[in-house]
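Here's a structure for you.
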């Protein structure tokens, strides 16, 4: 029976190809990445420095793969990894890291720290040293198809209710549709208006779209966890659904991590994934508004105080949909739309992504890091914060509640839907 | 005729008392016995006016008046006679000439009128007669390879000659880089296994007057020191008299300000060369070369290589011939790896690196399969 | 052994060995990393990877070193940017534009170039030395740097610092005869060259990989790098 540590070490080693090794070797341990991390900024805890969060990955690589590292470990100059270490780094990585990759923006060596931190998670997941609530959510998604308990029946009932409530048609399991939309359970369960909004927009645009009862959950807790096995399992559910319906493209709704997994990683794990165009709803909105397939009322949101836009790490910085939301907001609120600083790819993370919001023990640091966001928003004096990620939105609504703020938190799709010209 | 005093010998040759006093002061200056030492001032020795009334001058005066002339045996081995040339070319009324006159050179291959068996006979007699009194001057390196076959005089090897002459010598002075440190004959690959005197004679004091050739004033000054005081001057760690070898050529160089200002001649015919800029980039070895060239200079203080526009070769330092190219910067490494050596190192590193990576890859696969 | 002989050793066989060892070691490090295998990226890009790589290198060489405050983290820890930046700038100026160093390159690669006057190089090296001292102090007191620094970091610092210090002492003739100072400088340089492949000082080799990966990752997503 392999020890927990050994399992983790093997997973680390397995993660380490030339791509990872070259980047680990490039690190000069200058510590600059700490200054980019919102958890470090908020708490000043040096252990939240990204370079320290991936310490075990470095140790595994150096001690297993390099002669010098092996010698150092033998001489006791480099610490060996223990079970306690795994537990400790599990806390650091799952509670105080959203894998937002801001650190990569400041690394003087340009190391893609976010992906190395994902490697850390892979090792911890392989050793099953993950927070209990996250593990429970993964198990739930494996068994029920959704971490938020959105079983077949629940999904069915919710969509029916949404269609009823907002009087919107949601085409289901339509074979031959071009576009398959996969919602996240966060939207279906907590922000149903978003589901209605997207449906309304796509119908208005005359898009041949559908949802799939097989591919009903886009959220990928396996990706949060870092387990390749679970990530693939959940990705395959989506891809199988798409294959069954014969669609050309898959639209990921407002969920960042899921978009990252499906758009930027799936093809490297599952070759069939490259048969589909994967696009985020933000991209779709940009396309529809830009081409004039839908018309939105200019200045529709100009009278409700300042509006600002929160860039999500996985959709904007790591997803590329930076310009579209701005183009749309400039139409919707040409006078009241104001940028926060920093913004775009340099934006500050909401603090709830990467599964952090699902981990109860992370609440204190999660709220602490949200204070950075509060300062940012207050600096521009915005009353409405718009965003394109329901995970960010969950963090925002929860924190607005926690800090008793008087902001409005708005999903961009909903804003577009509200401002549609009849 | 070593029995007569130095002064009598000079007076017999028509040197006036006034000139004699001048020469005493000059000698004191050359040996750095006076404050301020003439050579420290950077002025050419022969142009200098002796400072009157100094105590040292009187000491020398007294010594010259009372000391007997000094017998010298001058041996030449693997040499070019350049050092002899340098000493003998000096013209009157120079210090060099004076000192030469105060010596009785009992044996000198190049200067002796006699030759062959006769001159060898004379040497044997002199060594016997002045045993324990004579100065042995050696010019040229001593080859040890093939039982010394590369340098044989009168049927005997240089090594035998040296050992024989050294055994009765009061002091030994190795003149020129060859005698001091092996010089040119020792340059790579050193086919004759050339050695300097002090590597062979270890039981007697050996003074090294290095240089290629040695500065004549340094040679004669050292001999005069021994003649007058009966002792050898203070030496540095390479057995060179500190008086002449205490400072580097760079320290006293007239182009030094240009070095500090970063103004360099880049070739022998560029603007910098015409303006007299520093020759460092043209390979000048002045910074690590201990010699009096920049202060005593050559040919009665006329000039020295750097002044004339040529970088210092570092000829007073051991192994100067192998000290990197003459026109290659002082800072350059001595041995440049060949392309083949670099290729081999990189190739070996790459091969071992790929090997290590393959081992790691197979480990990765084995583990993945096992789990 | 007198310093002339030590110098001869340090400029001769020791330098020769150190140089070849460094090349050997760096080749070993490089190939043991790049031969670990690179999986092909099958993800269809949204932007140009090549453009991302080009842009990130241009920014890294032309913008960030000279106007670091475009990075918003600059304000949070300017010391590390300025100290680190000045150290590297000093290093490049001294070892490429310093006359004696250029002559080393010339002897090794066969051609030389114009150099800066001694006073400028001298000031740059003084700045580099001061920057190094400040960076060391910072490493000793900054909580993050304290946490991530072990013996390896301090050895690397020491072996980089010593040649800088001995070089400065040599230029100013502090602490001994010229060839003794020169010998000391060369020995520390030789030790540094041996230490480079054994430590993270070799980051300059892997920099090109990590920077290229960065450009590629951001470029393929169509995000500014």
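Note that the chains are named A, B and C in the order they appear, and that numbering of residues resets to 1 at the start of each chain.
Keep this in mind: contacts are C-beta pairs under 8 Å (C-beta built on N, C-alpha and C of every residue); 3 or more make two chains touch, one makes a residue touch a chain.
Nothing here was measured: the structure is a model prediction, and the numbers come from that model.
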* Going by C-alpha centres, which chain is most central here? -> C
* Asked: Among the chains, which one keeps its Cα centre farthest from the Cα centre of chain C?
  -> B
* **Whole-Å separation of chain centres (CA-atom averages), chain A against chain B** => 79
* **chain A-chain C separation of Cα centroids, rounded to whole Å** => 37
* How big is the gap, in whole Å, between where the Cα atoms of chain B centre and where those of chain C centre? -> 42
* Per-residue overlap in chain A, given as positions that touch at least 2 other chains -> 16, 65
* Structure fact -> Residues of chain C that touch two or more other chains sit at 29, 32-37
* Asked: Can you list the chain B residues in contact with two or more other chains?
  -> 356, 360
* **Contact set on chain C toward chain A in their complex** => 29, 32-39, 41-44, 46-47, 56, 60, 64, 71-73, 76-77, 80-81, 84, 142-153, 198, 200, 202-203, 205-207, 209-215, 217-218, 221-224
* Asked: What residues of chain B sit close enough to touch chain A in their complex?
  -> 356, 360, 363-364, 367-368, 371
* What residues of chain A sit close enough to touch chain C in their complex? -> 16-19, 21-23, 25-32, 34-36, 40-41, 44, 46-47, 49, 51-52, 55, 65-66, 68, 72, 77-78, 104-112, 115, 263-268, 271, 274, 277, 316-320, 322, 341-342, 344-346
* Asked: Once bound in the complex, which stretches of chain C touch chain B?
  -> 2, 4-5, 7-8, 11-13, 15-16, 19-21, 23-37, 99-104, 106-108, 112, 115-121, 178-179, 182
* Contact footprint of chain C on chain B as seen in their complex -> 237-238, 248, 250, 259-264, 280-281, 287-288, 317-319, 323-325, 328-337, 341-342, 345-354, 356-358, 360-361
